[in-house]
Every structure is written in C-alpha cells, then in structure tokens.
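Pasting the structures in now, so scroll down.
Both of the next two complexes hold subunit A, though its partner changes from subunit B to subunit C.
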Partner chain A sequence: MKMIYKMKNSIKILLLFILIPFLAKSQGILEGGSVHGNFEINSQYYNSDDKLGITDSILNGKVFGMNAFGNINYTNGNFSAGIRYEAYLPPLSGFDIRYEGHGIPFWYTSYKTKDVDITIGHFYEQFGNGLVLRSYQEWMLGSDNSFNGARVIAHPFKGITLKGLIGTQRYYWEAYENNNRGIVKGLDAEFFLNDVLKVLKESKTKIMIGSSFVSNYEKTRTKTIIQDTIKYEYQLPNNVAAFAGRMNISRRKINFGTEYAYKINNPSAMNNYIYKNGEAFLANLSYSKKGLGIMFSAKRIDNMSYKSKMTELSNALDINYLPPLSKQHKYSLATIYPYATQPNGEMGIQGQIMYTIPKKSKLGGKYGTKVEINYSNVHSLKKEQVSDEIGIDSTGTLGYTSGFLNIGEVNYYEDFNVMMTRKLNKSWKVKLSYINMKYNIDVVEGHTGEENVHAQIGVLDVLYKINYTNSLRFVYQQMFTEQDKGDWAAAMLEYNIAPKWFFSVMDEYNYGNPEEDMKLHYYSVAFAFVKNVTRVSVSYGRQREGLLCVGGVCRQVPASNGLSLTFSSSF
Partner chain B sequence: MIKKTILFALILMITGTAFSQTKKRQLPAVDIKLPSGETFNTSNIQNDGKPIILSFWAQWCSPCISELDAFNEVYSDWQEETGIKLYAISIDDVRKSSNALPFAYGRDWDFEILLDPNCDFKRALNFQNVPQTFILDGKGNIVWQHTSFAEGGEYEIIKLLRKVTNGEDISDQH
Partner chain C sequence: MMMKKFSINILAILFVFGIFQSCDKINAPYLVKKQGNTPNPQEVTRKVLLEEFTGHTCVNCPTASLVAHDLGSIYEDQLILISVHAGNYAEPQGGDFTCDFRTLTGNELNGYFGITYYPIALVNRQEYSGSTILTSGNWEPAIEDILTQPADAIISLNNNFNESTKELSLTISTEFLNDLSGTFNICAYIVEDSIISPQKNNNENIGITPTIFDYVHMHVLRGAINSTWGDAINEGLTITSGEIYENTCSTTLGNWVAKNCHVIVFVINNESNEIIQVEEVGVVE
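This part shows the complex of A and B:
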C-alpha cells in the first residue's frame, strides 16, 4: 500500500517536472538560464604498515576508500534549483562509517528577489555569530548539519533583514521520520540603524543590532537512567528555546562587536542530563589603520551545547556554533595540538597585533617587514555546588552554579606566538615563527590523567624565486616537548612552476618519542597540477595520526600509509 | 524513487539549458557582510566599467596570504595601468572573521575587504578550495577563474588584465 502511494507520488512529481520545463519553455523562461556546479573526488589506496600498527587483518580487505561529491545548480533570473550528490565507497579512514553509501543528501529550489528570498529543501544558515544557530558544511571533515525544510528571508525596508526557518538537520544518511530527531524553528531580525534612523543617516558611527530566537522540538523526552541500582525516569522539556542579542558599533578605525546568548534548560547526553540553563558571551574589539591592526576578544561559554537530538555525542546535529578563540596554525607540527571549544564551559581571551614595519626604514628593510603577535588563554569555568549534598554536574539536578565573571583554575589552552615575514630582495623571502603553547590533552582529547603538554615550536620558511615563474620553498620545523609523543622535526622542500605545477617532498620525524619503536619517519611526496579551476593532486607516503581541524570542527585522522589522489573542478 | 525522479527531471532541465547556454556568467547576488557589520549584497561589487578581481582567502590559508601579499606589491601599478579594483573576500568563520580587517590593514593591504563567514557567496560560486581568484570584465562577466597560488602567479594575472582592458576575450585562456 505504502509502495503504491509512493509510486503515485513519484509519478505526480515526474509529471510536474516534465510539465514545468515545457510550460517554462513556451513562456520563454528557460531561455537565459544557466547551469553551474563543481565536483571533487578524494580517494586513497591503503598499504599495510607494521610500524604504524596497520596490518592486513586491520585493513580487513579495505584497501581503497573514496569520498566524492558533485553539485549542479540551475539559475534562471530569480529562480534557482540544485542538487548535491555524495558518495562514500567506502568512506576514507577517519570519516564516520555511517557515511558509507551514496545518494542525494542536498537539494533545493529557491526564488529570490531584492526584497524576499524563499528556499524550499536544504539550506545553510547562520544567525549573528552562530551562538544559537549555524548550519554549514566542512567537506574535508565530513561535517554537515544542513537544514531540510523551508526558509524565508525578507528585506522589508532598507537596513532591515528578517529571517524565519523551520527544518530538520542532516544526520548522515538517516531520513527524518517518526520524530527520530528534533524539528528546529528559528527567527532572526537585524537592523542597520544608519539606514533605519534618520539621526544616524550621516553619522560616521555605524551601528547594527540584531536578535534571534531558536526552538528545538523533540517528541520523546523521557530518559531512564540507573544510578546506584535505583532507576530514575527523567522528564525532559519537549521544546528547548534559545535567545540571543547582538550589536556591532564601528567608528572610523575602531570596531566593536558583541553577542550574548541564553538557552533554556536542555538536559542531554552532552551535559550529563543537568537542568541548568546555558549562556554564551562573545566580544571583539579591534583597531585598524594602514600598517597596523590590533584585535582583542573575550568569551564565556556555559553549558551551551545545543543539538537537535538529546542523546547525540558526536559532532553531528549541532544547532549552534561556539567558535574557539585561538589562532589556527598553518604549519603542520603546530597543528598537532589544536584547541577545540569545550561546550560545557570555558572562559577565554585572545589578543593579536599585526604590524608592518615600514619599507626603507632601519628595521623594516627595503621592502618592509610584517610582524604578527598573537596570544590566547582559555580556562575552565569556576563551578560551585548547587547544595552541599549534590555533586557538581550530577544528573537530574541543576548541575552547578557559576558567576558570570568566575574563571576556573584549570587551564585548557594557552598559546603565545610570533611570526615575522621579510622580503630580502627580488629572489629571497624569509618567514620566522615561534610558538609556545600549553595544551590540556586530558580535557581537549579526553586522555584522562595525562599531564598538560607544553610545546615550543620554531619554524624557518624560506622562499627562493629562481625566475618569474619558478620558485623553491624550504620549510624546517622543530618542536620540543617533554610530554605526549615528545620532540619532532620536520622538513619540506617544494618546487613550484606558476601557475600550474607543484612538487613537494616532506618528512616529519618523531625522534623524541618515548617508545623506541615509534621513533618514526612520516615521509611523503606530492605532486599537483592546476589548470584554471581543475586541480589534480597525487601524494604517496605515511600520514601522521592527528586532529585535522577546519574552522571550529576537528576530525581524528588515523595514521595511514598509501597513495592518495584528489581531483576537483568547477564549471 | 522520488529522489530518482527529481534527479531525472533536473537532468532533463539542465541538459536542455546547458545546450542553449550562451550568456556569459555573472556574479550571483548574495548577502554577505562588510567589516562594519553592515549587510552587503554582492550585486554591489562594481568598478565603473573597469575590471575587477575577486580573491577568496582565509587567515588559516598560507597560499592565500602569499597571493594577496604578492598582489599587494604590484597593486598600485596594476591600478594605474588597468584601473582594476580587488575585493579580498574572507571566508574565515566567526572564529576569525572579526579579525579579517585588522589582519588586512596590519599587512598593509590596500584591497576592499568583504566577509563571507558562512561561505554563502563561496557556495553560490561553486568552488571548494581557497585561494580562488576570479577576473571580471568591465561588464561584470566572470571571464577567468583560478584555484591555488604559486609565487609568480601574479605575472599571469597582469597579462590577462591587460587583455581584458583591451576588450579581448580570455575565457579560453589558461
């Protein structure tokens, strides 16, 4: 019966899709339409490697992995529609195994004018800084929390943007049915006051204010937990709401932005089912003039994990986004210990100075010297017991109390780094970096009981231009640490012929590993060819185990050995 | 079944239009942000009939910064010769988007800075990796697109800009 119903539906849709183009054609709508898209294939052939502990039995016949996607978008005037096909056959190692398979996880139709933008199907969205709502995709990390539903964006007057949406979020390939996850609703309003208020029309001070409301509905909201042989059945809220208010003021060289978010109690697997309300605060202050940029930011995160499924513990189904306040390092050894936001609670600050020492000055040299200094520090929250009998974070209680400005004693992350870039003459360019970081590996990676890693990293990055299009680049990195896997050294040589050819050889050597037989070389060779928008790259060698992070999301990449091939293009 | 039907129908539509696609590609109109927090629609990317470069970058992307440093060194010469305007569009997310302007100023860049913190503009232009560079002719048509950067890549760009300024078609150049 269900099958017949489905078939009838399909026939209706098929008829609709055949009729629309015909009707459209007769009205001339199809004329002037355009089709664009892009695709990418990432594949890897895996070798066994006894030193890395990858034996034939671990590979278990999985000698090949492939992640691929293709986007096709059709646009015609105000109308657009598109699909994305994805295939994980099987997923590359390190990606969630629930991705295995292929299909169309993303499709949309949208109609857009100057005043209104309506989308039906899948979409990505961010309210303000994302503290209460952000859906986005990071292909390299296998993270995608797109909404499937409907969204309307309206600009009723100049300077005013209103957004409303309703939908469910992507969960690998699992379709939404029978309330297997939450339904998210959201409203957002933003006002650029210089356009809205006459008094500010001519003002050099620019002011933007905005506010958001988000609610997640989950039908099944009871949770049975057994504690000390007693069975508890907790009643959980069906609807969990979150609110946020934000503001940005800028005047000439100074810019100040802030957002505060509040979330109604949301007991979940992430916070050990406590009934405390959550809050988040973010502020940025910056000063920019030619040759100098200064930035300072601060944040507080307090019980702010917000997912559309209360039992979810992985990166999936996040409704909001809590940005880590630390520098995203570019050199490979400096990415061994990347910080990730602790959604249950943290307080952090960050400061950065960018300065160009003017050219032809004594210090600046002929071409000027660029200096970048960055410092960040993240601590725990100071949590106090709700009452003498109730331990902190006890399930079924209010969890803890914490004053807004109460910083805890546990240091999660601290990073001081300096980077200098100087062009010596027409052929040579040198970059020097020094990084000094403390990383709480117990909290960030869950290595219980391990002491904080204190690492110092030095990098020398030299570029030699042979002629207009040929260049050589040599990078040497050295990391010293007494903890975790000990010292590392890395060297890389790159030869590029602009704008098409790239060759590199690299070795990362963990010579300080406390285990004698883990003092390994991670060598690799790579080659890439680019022609306009088409890029092919091939690399062969060992890949170090580690966290790969883009934006605020990280993925654990297991050690591997083999040949990888990437192909991407757009049209 | 439904998905297959939709796919089939879309393919029909797409092949139908792809064959009749003669119009040059223009920038999609997407709401992004100015560093002041003001909403900026990408249809306002303009340069009085002169060519435009769009360069997508992020603070975590080393080749992006090398590329914009290299462009910056020759930017005033390029402007004098071709009247070009360069928009450097940061795809840093909230973690670093508020630092894009101080970063650019601190590096002495002279470009227009725009923020695309949730990659809406990037998605509308259908590409995956940064750096990604576009050249638009005086009429706003996208005439060239390139991914990745190697030192010396800037010489290729100026050659193309000269052709665009002379009204030559470079869409089949590489």
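This part shows the complex of A and C:
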C-alpha cells in the first residue's frame, strides 16, 4: 500500500514538473523564474555499548540510520511550486519506524497576488495562536502534520484577511483512503481594525480581532464496550468542530493578546472517550522599552486534544497546537526535565523580566549587564464528578466538570530561573545561570508513582575572544537532585575559528546515579566545517536517553553511542 | 478584481459547506445498549481450528500442508489454520535447515497431546473416530462433523498495534449463545505467513525434491500471547445465554513482519480441551 501510494505520488509530482514548463512556456511565464532549495542529511553509525544496555542483538544489524530531506522551490512572479523529498533509511534511533522509506510527502503549487493566495497540494497553516488549527513541521522531532488539499487566503479589503482550507493531514507515508483519517475544514477571519474603522485610523492604539472555525469529519467506526456483561455502543460524532476568538491590542510599549477556543464533544483515545466539551484560554501581556522587557502569560487547557483520527495516541495528526508556557532551556542539563503540554488539562502562568543594567554604572560595568528572570508554574485542573455514580474521567460519560478558574492540586511543573550576561572587556564575556525546577515525572513522562523531581542547576558560560576570528568557549553545568538519576555535572570546551571551523569536546557525568553501574560519562567530540551555505559536522560519542522537546511537543530519544555526520546546504 | 471576487466566492462556499457539515452534538446517553445483538445460535457459524504439527525436515509435511491449504479454500473463513513446528523434524540442523520455528507453546502442545509422528493435526482438539490426533485423511470429515453443530459463542476482536513500539494489545469479547457449564479459557496465539525458508519434500507435484529451498511457510505459530492454555473466562461459574465476557491481553511482537502476522483467538473447554469457537484477525488491520 505504501509503495503504491508513493508510486502514485511520485507520478503526480513528475507530471506536475513535466507539465509546468509546457504550461508556463505557452504563457511565457517561465522567463525570469528562479529555483531555490535546501538539503540536509543527518546520519549516525551506531555502536553497541553494554553500559547503556545497547547490545549487538538490540542493534540487530541496524548499525546505521539516516534522515534526509531536500526542498526544491520554483518561483516565477506570482506563481510558485515546490517539492520536498524525504528519506529515512532506516530512521535514526528514536524516530518513529513508520517513517522508514523514501518518497515525496510534500508538493505544492501556489498562485499569489496582492489580493489572493491559492495553494493546491500540501501546505502549512496556523489560525491565531494555533489553539484550533496549526500544521507545521519540526524536523528534529520527526513531526509533520501538513495538510494535503486546497487553501485560499484572501485580502478582500485593506485590513481584512480571510482564510479557508480543506485537507487531510500527513500520517507518515500512509495515503488517505477509505476514511482512514479525518478531513479537516477550516475558516479564519482576521480584522485589523485600524484599517477597517475610520475612527481608529490615526489611533496609536492598534487593535486586531480574529475568529476561527474548524471542523474535522471522520467516518467513525463502531466502538463498543462491555459493562456488567452488557454490550454498549458509543454514540460517536462524525463531525467534531472547534472555534476560537482572539484579540490583540497594543499601544506604544504595551501589548496585550488573548485567545479563547472551544471544542464540541470529541470522545477519543486521548481523553478516554469522554464527551465533555473542550476549552483553551491563552493571554499574554507585555511591556517593552529599551533595556527593559516584562512579560506575563496565563493559560488554561481543558480537554483540548484535537486530532484528525479518533484512535490516535502518538504526536501525529494533531489539528491544533497548545503552546507551552515555560522557558525552553538551551543548556543540556537543563533539558533533562523538559515540560510537555498536557492536552487533557492544565493551568499555567509565566512571568519574565529582562533588564539591562546600564553600562558605565556601578552594577552594570563598562558594557552593561543583562539580567533575565523567568518563572513558570503549571498545575492540573481541579476536576469534579459529574454525579455521585460516575467516576472522574469515566469513559462514555461527560467525564468531569471543572470551573474555569479551578486550579488542581497536582503540580506538573515549576521553574524559576535567573540568567545574567556580562561583557567584561573586549575579550571576555560571562553568562551565569541558576535554574530551580520541579518536574512531575509521573505525569509528564508516565513514570507511574515516581516522586516529583526537584532539580537545581547552575551554569557558568565563559567566552574568550582570542582575536577577530578565534574564540574559546567553556561551559560548566552542575545539577543537584535527589530524585530520578541523581546529580550530574557537565563540561564543554569549544574552539571556534570563524567563519569556517568549529571544534568541541564535551562530557556529561551522571556521578549521582543511585545505581552504581549507571554512573556513566556521556562524552562526545565534534567538529564542523562551514563554507558559504554548506555545513558539515561530525561528532562521536554517547547520547543520553531523554525527552527532546520543541515547543512543548516531545520525542523520546533513546540512549545511543556512535558516529554522527550531518550535512546541510542551500541554493 | 476578478480574482478577488472568485476568492470571496470560494470562501463563501467553504463557509456554507462548513456550517452545514460542521458539528455533531451528542446528547446523553452516550452509551447505548446494543439492541437485539444476541443472535440466533442457528445463524452464527461455528468455526474450526486446524493445528497442523510439522517440521522443516519432514518430507511428508508439504503434502499435508497442501491438504490443509485446499481445505482452507473450501471452507474459507470457517477454517483457521496453524502450523505448529515441533518435534524432531522441527529441530534446527546444519546446512540449509538452520531456522528454528519451534516455540514454547508448540513444544508444550506437542508434549501434552503426545504427538510423535508427523504430519498430524488437531481439529478443534476434539476426538474424531476415537482419536484427537488426526492424519490428513481424517481432517475433512472431522471438520464436516463439527460444522454441523450450532455455534456456542461469538468472538469479537479489537486489536491495537503500535507499529513504532511493536506493542500489540487485544480486547476480546466472548458472547455466549447457549447456557453452558464448565470452565472456559480464552487463548490468543500469533501466527506469521509467508516465511521463505527451506523445506524437505518428497512430492514432485509440489516442488523440487528432496528440498524446496524457497518454500513459503504459512500460518507458522510464533507463540501465545496469554500462555498456551490462556486466561480464564468464567472461572467455573455457570454461563447463561447472552452473557458477554471481556478479556484483554498484550504482547510485544518479535522480530517478525507485522503485516504478515495474525492473531488467532479461541475459546477452550478446560475439562475436555475442546475448542468451541475460534476467530482470526490481522495484526495490522
């Protein structure tokens, strides 16, 4: 089936690209066109490593993995077309094995003028913050929920943007057929009121309002359950709709944005087939001026997983996107416990202050000092029983009730962090970070019964510029925790010869692991060479297991040991 | 301007389409008792399980497998086949016969039913003409004999296979159509089709003698999901017609081709060892 799909797909693409020049030539639009693209190849050679539990029998001959893609885009005036080729031969360790294979999962043709933008084929789209619809690709996560169908974006009047789309979503290499997943329809309207209303034309207060409507049609299969030896059938909706309203107001240095989304009954494997309506709320208030930025955000997510397949449990086929309200850390030890959004319910807040202590002041020093303080806290929802007889989250019921401001007692994640950056002189720059986090490993990673991890992390990041092109960077990280795998220390040394060469040596040492055998060093060495737009990097070493998260969406990365080669270029 | 009007029209059509097709509001009760779903036992088909004991160095086995295959063509989905590789002829040997298709379950069945010569089969693990282990000539009349009896149960299978982790979970609903006494167990086995591996052969009508090197082994027993003798259904309680019992089990698939694998589930009477109903479903539906 996969092969037939790929063959059909490839034939379509081939026809498209054979026909374009002929069609174009007849209208003379081939003249002046341009072709752009980019490529990336990520490959790894795997070694067995008894300490990591990777034996030859686990590798089972699969000692090599490769993920690769190439985008080729043709544009000519208002017209554009493109394809993306992908190959997973086989997929790198940690990527879904359903990606194994190669083909063209993404192609499109598009015509865009000042007033209208029509796309046929595959496309990515986002309505507002994505609470009811967002399709995107994240290569590092192996997630791609692109639509295949048609989309129209129109600007009928100044300040008004209307979007309409119909399509099915990508599911690895599986073609859409026989209602094997839903068909998504979406409409979005956005009004920039300063352009639409004369009274606001000259106003310094800028107001945008928008609304979205999305519906997923999935021909549901019969689903039954046996309770007390009696067979019941779920009354399942074929069409599940969600809608949202949003607003953004800004005046000079202050910006306020908010969105509220509502989803009608959507029993699914994700929510244990409960019939409660879903809702999501997001608000963001920020103030910024030179040297100071303040941001505060709040959100509530309640039964808001929205997928185009009722039975899907993996990250695939998400129609919407629930943004995380926590800082995405970059230092490696701070990424050991990353937060993943809980679509079935959570309430969170985040606050952040960025302040630059002025230069040439007592505290700021000669070049000024940047200070960033961030705090986030995510809790469960307070859920109450629908009735005395029905337990919370019972399948085939409304599941639970929860007031809009009802915060649950279970803490999912809490993170307080401070970062200070200071340039000491022309050669030295120092960054100091302190992170104090609480992480509910039971909820986020499904480690049932394990106590919350309380970790404190300190980071020293020093950059020494030897001269105009040569620099050295040293990073030391220390993590203290009494839970999970215990304490870690990590050190890294980088040598950079701009703009072409890069070398690094790194070791993460889990010296506090409660299991004596697992007090391991995760060492790696790497170098990279860059010339113009082409980058080649090689690294060798151990990779620790863990969650890799981008934007609150996570992928489990297994431990590995081996040689990695990455090649990327564009034209 | 034309394009602008065109796009607005398209959006208007989409909008109207969206509104009318948008949403199904479901009101309680969300679970509805299945009406009239206790079928008449006379209308439900009894299915038969043929467990053929074989081995890759057994020269007579391809002929018997052909008999089983032909019976499968006659009875279609009423006959479900398992090839149990067990005994001396299934042992891996040097040269071309290094594969080992033996399983713990196969070995256990082989020992329990006292099988010492091959090819031989169990048909629903029932006696026919005074014997439970039957040579190929008796398979068809034994099947015919069983098919004349009305079914005692219906098995409904709902499997969930995660292709990424190879985890397979199975929900089995057994609906009894008659009042029954005794203890019944539910067993779930996995078989794999289309394994190409050498097989000894003495029948030139089937293939090269003495060894068919690219022999396609079908219905090869890969193991039991919930042990050889399965899980209890009623634990000795009397079964009344119309009762439905639900069992769940799960496993992680071995290094097999998932799309060639099937789950075979059957209800067995613990006292008599007889199989009263059997059902089959692909691992990848």
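The criterion applied here is as follows: the second predicted complex is superposed on the first by the 542 of 571 C-alpha atoms of A that agree within 3 Å, B and C clash if a C-alpha of one lies under 4 Å from a C-alpha of the other, contacts with A are read in each partner's own complex, and residues count from 1 in each chain.
In this text, contacts are C-beta pairs under 8 Å (C-beta built on N, C-alpha and C of every residue); 3 or more make two chains touch, one makes a residue touch a chain.
Remember, it's a predicted structure, so these values are computed and weren't measured experimentally.
Annotation: superposed three-chain arrangement on subunit A; subunit B versus subunit C shows no clash, the two fitting side by side.
After overlaying the two complexes on the shared chain, residue contacts for A:Pro267 are found with subunit C alone; subunit B is out of touch.
Shared-chain residue A:Phe416: touches no atom of subunit B or subunit C. In the superposition on chain A, A:Phe64 makes contact with neither subunit B nor subunit C. In the superposition on chain A, contact of A:Asp96 is made with subunit C only, not with subunit B. Chain centres taken from Cα atoms put the angle at subunit A, between subunit B and subunit C, at 140 degrees to the nearest 10. When the two complexes are overlaid on their common chain A, residue A:Tyr540 makes contact with neither subunit B nor subunit C.
Of the two partner chains, subunit B is the only one touched by A:Gln126; subunit C is not. Look at A:Tyr476: by the touch rule set out above, it reaches neither subunit B nor subunit C. In the superposition on chain A, A:Leu463 makes contact with subunit B only, while subunit C stays out of contact range. Closest CA pair between subunit B and subunit C after superposition: 17 Å apart.
Common to the subunit B and subunit C interfaces on subunit A is no residue. Taken in their complex, subunit C has these residues touching subunit A: 3-4, 6-8, 10-11, 14-15, 17-18, 21-26, 28-34, 37, 156, 160, 162-164, 173, 175, 243-246, 255. Taken in their complex, subunit A has these residues touching subunit B: 6-7, 9-10, 13-14, 16-18, 20-21, 25, 30-38, 40, 71-76, 81, 83, 103-104, 107, 112, 124-126, 129-130, 134, 136-137, 139, 153, 161, 190, 192, 194, 206, 208, 248, 250, 255, 257, 282, 284, 286-295, 297, 321, 323-325, 328-330, 352-356, 367-368, 370, 372, 421, 463, 465, 467-471, 473, 496-499, 501-502, 528, 530-533, 535, 550-552, 568, 570-571.
Those residues of subunit A lying in contact with subunit C across their complex are 60, 96-98, 113, 115-116, 118, 152, 154, 156, 162, 164, 166, 185, 187, 213, 215, 217, 224-227, 229-241, 264-265, 267, 275, 311, 314, 396-398. Residues 1-10, 12-14, 16-18, 20-21, 23, 25, 28-29, 31, 35-39, 59-62, 69, 73, 93-96, 98-99, 101-108, 117-120, 123, 126-129, 144-153, 155-156, 174 of subunit B touch subunit A in their complex.
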